[in-house]
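Read through the structures below before going on.
Shared between the two complexes below is chain A, which pairs with chain B and chain C, respectively.
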Partner chain A sequence: MNVEKNTEKNRLNFWERIYLPEIARGLGLTFKQMLKPKMTRQYPEEKWEPTGSYRGRPVLVLEEDGERCVACSLCSRVCPALAIEVQAGETTKEKERYPVKFEINMLRCIYCGFCEEVCPEEAIIMSKDYELIFTNQEDAILGKDKLLIPIAQLQDRLEFLRQYR
Partner chain B sequence: MSPLLTDVLILVAKIFLIVNGLLMAAAYLVYFERKISAWIQNRIGPNRVGPLGLFQSFADVFKLLMKEDIIPAMADKKFHFIAPIISIGVAMAVYAVIPFGDSFFIGDKEVFMTVAPGINIGLLFVLAMSSVGVYGITLAGWSSNNKYSLLGGLRSAAQMISYELSMGLSLIGVLMIAGSLNLTDIVHAQSGGKWNIFLQPIAFIIFLVASFAETNRTPFDLPEAEPELVGGYHTEYSGMKFGVFFLAEYANMVTASAMMVLLFLGGWEMPFLYEQLALPVGSPILAAVQFGVFAAKLVPILFFFIWVRWSIPRFRYDQLMNLGWKVMLPLALANILVTGVVMVLLKHFGFIN
Partner chain C sequence: MPQITIDGQRIETSAGKTIIEAAQENGITIPHFCWHPALSVSGNCRMCLVNTGFPRKAPDGTFERDADGNNVIGWGPKLSIACATPVADGMVIDTQGDKTEHAQNAVMEFLLINHPLDCPICDEAGQCKLQEYEFLHSKGKSRFDEKKNHKDKRVPLGPNVMFDAERCISCSRCIRFADEVATQPVLTFVDRGDHVTIETFPGTQFDSPYSMNVIDICPVGALTSIDFRFTSRVWEMSFTDSICPGCSRGCNIKVGVRNNEILRLEPRTNMHVNTYWMCDDARLNQYKFVNENRLSGAMIRSGNTLVPATWEIAAEKAAKLLHSYKPSEIMILGSARATNEDNFLLSRLSHKILKTTHIDFLHHTDNDFADKLLRTSDRTANAHGAMEIGIKQHHGVSMDNLVEKIKNHSIKAVYVIDEHVADNPELANALSLVECLIVHASNPTSLTIMAHVLFATSTYAETEGTFTNMNKRVQYLMPAVATLDNERIAGLEMSRWDKFGARNDRWSQGVRRDCKPGWEIIQLIANHLGAGWHFSDAESVFKELSIDVKGFHGMSYELLQEYQGITLGTTDHSDVKAVVYESHIFKPN
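This part shows the complex of A and B:
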């Protein structure tokens, strides 16, 4: 190979080689950037509103006459991180089954959305909640009290699932 | 009060003002560094601590003071302790000779706007002190017993020695024009708009580039190159010892900018301004105005330092050495030669005496 072909001397012309004009150009570019509008979102005051496609914390849908979940445990089976634990019980209602215990360990959850995909009743879906704060491991295991969310608040996600699933 | 006591009191007051002023300047430089870098990256920057985030630097310093001070097990404890002291001490010692304005009178007592007035080797003192600064960094790198620190220290030694040469040589043209090493005299030689930046543009560019290298700023921040050296010479420093290195770096930046203002931008000289104001010579107000002019020239250069840091990527080490030895040194020597020839010619044809 001819090593003299691709040297700095051949690639660059004189003005490029003395750096200074190019540096001035670069400085001009950054100065223009300074005057542009800022991208920052002032987080705790100004929050981001996710769209329906966002996969946040998985929640259980709560309808007027109780939860949709029939405790089939498919979500528990499919969960790759083994985060979901379900215990079924019987009721006198039309659906006959309901979860006595439904727990998601949020330290294990990887937000893959498999539980949502596998659910035959559309009972567990991903919500828009991305602010998950725990101070100890026990708090991170969410029970039915925290998982059940009224259906009115989940319309965006349900609409998204109806359209794209 | 006896005259001696008065002198000592004035001296102590001046030292107090300069040390505190310098530390405050360094603290706010850090703040502006963060703000300007944020603006360049389309961000807002610190805005939580105090109005507009103005107290951010104090929060940072408080954090550094609260942090545990770790000394590596196999480190040379003496030198590990001394290195940051050398860095900050030298950075501050330079301010003994930097004048901020002409002297003024309180009653019949002449007060100089510098700690060590009338010192006739001012410029040499500044250059000497900036060379001693390399000891702080090299000792820090060596005493940490860490390969990254050692590499950083060695790089800094090699880099500072290389660029000191062209830095010193670039100033010879200025000295030939001013005919003095006293910084006040150099400033006075530039009165009436005869700023050295117009008479010595090449020297100014060489000095500018060399002072970037001397203060370890990007594009020449190889001694502390984070991606390569994990922080370089201050890898093993934590808490306020690291903070002291940080402050020293910014103090050096102020020094370099002040030198540029004094040597090339006419210091506190400003054509037409003082004629318009017509303040009596030796009044404190005139001195204050002179300090204001000095500061007004200082700020854009400091901004330039920060601006360049967030615009230009780091040089490779061989590029750094090539630039220092093969470009800037010959250019500085040529500048001396041309300045000398032109001055001899001008003298010969009677334009200057």
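This part shows the complex of A and C:
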């Protein structure tokens, strides 16, 4: 490129070079926005409620008679990030096995939803929970106590899966 | 010698063989559920249906030819089951054509009609013949809309075997195994049609010492191990080839490991040793001592207690102690539990460095344990190897007069590797009197409490080495469990979990124990006595052993693996390699 020719004098005309009309034009846009409806959300005071299609942190479905999970470890096998660890145990219930330990390492989880897709019992599903704050690595490993969510709170996602899966 | 053609491949076989046997010997697998090479033919699963025929002959006695000059085949009107049809000269067999495929698909559809398809909770999933064939030989469609038949899901057939009637495909492998191999004919089919199930006769239970083999031969997950049930999925474990240390038979086994812990043992086919089986006792007991209650690192006695020390300091201390006694005052106890490599370096240490001829090993005989199938009365894995290497009574002190010699103070120092004295109170008593007791052990026993210098050794599952069984067959064993010492060994089988685990993953934090194989500790001590040995791994020790000891001439780890073990002194005319039958084709590792 010819540097001699690409000067400010060559690129801008007189009005552009003195800036004043351009400043007025910019301020005009600003004032116009002030009158439009506000899009900003006052997070965290004002929270966003995602729809059923949202893939937040994976959770386990808790029914009245206990968890749905049978500890088949398919979620653990399919997980591309190896975030899930399951240890099965035997019960006298009809389903024979249950997870003695079910841990998801949220630092590994990439929210891909493969675990939900592979689950034969619809026991692990993606929730709407997107607020995940940890202060150390140990806290980020969620056990059964944090993963089990009553089925009533998960209706949106289950409905979504029923319709679109 | 009949000549047959399977899928265009000409095969020479012997008369009287069935099609499936002839195919198996030549590396062709015909899909099957109920056939097993060690059991009688029952022919009830119908999975091995193949199309058979013969070249058609013209009235003048010549073979008919088609336009391309190939023989015209007169196919049979119906398919035949390969497991029960004997071969005949000139027979042509088609295992992949449309007709065969259609039949296989139909059989799979029938078998799956009442199968619960509860693979997610089934222990067999991942090594299941039904899954394998569903994937390979079925179109995956079922036209069955009615309700599936429900049966009992938890019936214990014996103390170790749990039966799930729904999953059973009624192949009768377990019934035939109980009759023919375990010789405890207590299993039988009851009821008819789709209600057929397996039961033990009233008042009996399937508690044969080989009962758990039915778990392996069950093509589906109908028979599961009560000991293992639900512990782990198949694909989460790594399976390493190893040798059972339980008795002198030296059964070939696979060691299933997850998170550096042995979860189960299962037999590995070796037609020269254990064929397809192993005993329940080994399956239930030979892994627990690897997982639990282990010694760690080296220890030196200080007053009444053993205090931890570094390997170097402990070896130096042991060397100093041994050096302070006259050769005639030292007794070396090798071990029929230790590998050939350990015993070889120990015998070298005693003959070349310590210059003592007092070397022997303890026999552990239990006549109650022996039976006609596999179990032997010698409860150690390597007695013949120890003897071949020269760990045996020469002259002077041996096991026969050791107690007496210790009591009259002519033996003052004893070096014991991998032994326990629980079954020999007299010897235990005597050993508590010696001035210097150096011990190698993997688990704490009454012997380790008395030791002056104690070294933690690796168990059979953590060492690379060789065992010599009762028929003098030298067999190679691979480390299955990682220790601090062998963590970087090449070829250690690893599951996906072992490979990708990081420091902050809880599932990969299995204990890496601080123990070394016996030969490494012996080398440490020998080098403190000025031996100057430089063996870097078990293989280099074995190389030296194969040069030094006549019976081992010409052997190497590669050859031992290739031939599934070689009998002492027969390296130049070892057994013929055969195609090994494995029931599961998709099993991990």
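Definition applied: the second predicted complex is superposed on the first by the 135 of 165 C-alpha atoms of A that agree within 3 Å, B and C clash if a C-alpha of one lies under 4 Å from a C-alpha of the other, contacts with A are read in each partner's own complex, and residues count from 1 in each chain.
To be clear about the criterion, contacts are C-beta pairs under 8 Å (C-beta built on N, C-alpha and C of every residue); 3 or more make two chains touch, one makes a residue touch a chain.
Just so we're clear, the structure is a prediction, and the values are computed from it rather than from any experiment.
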Figure out whether A:121 sits in contact with chain B (first) or chain C (second), or with both, or with neither.
second
If you stack the two complexes on chain A, which partner ends up touching A:149: first (chain B), second (chain C), both, or neither?
neither
What's your read, chain B or chain C touching more residues of chain A?
C
Identify the partner contact of A:73: answer first if only chain B is touched, second if only chain C is, both if each is, neither if none is.
second
What part of chain C is in contact with chain A in the complex they form?
120-121, 153-154, 229-233, 235-236, 496-497, 500-501, 504-507
Can you list the chain A residues touching chain B in their complex?
20, 23, 26-27, 29-31, 33-34, 36-40, 42
Chain C partner, complex, touching residues on chain A are 70-74, 76-77, 82, 85, 88-90, 95-97, 103, 105, 107-108, 120-121, 137, 141
List of chain B residues in touch with chain A within their complex
36, 39-44, 205, 307-308, 310-312
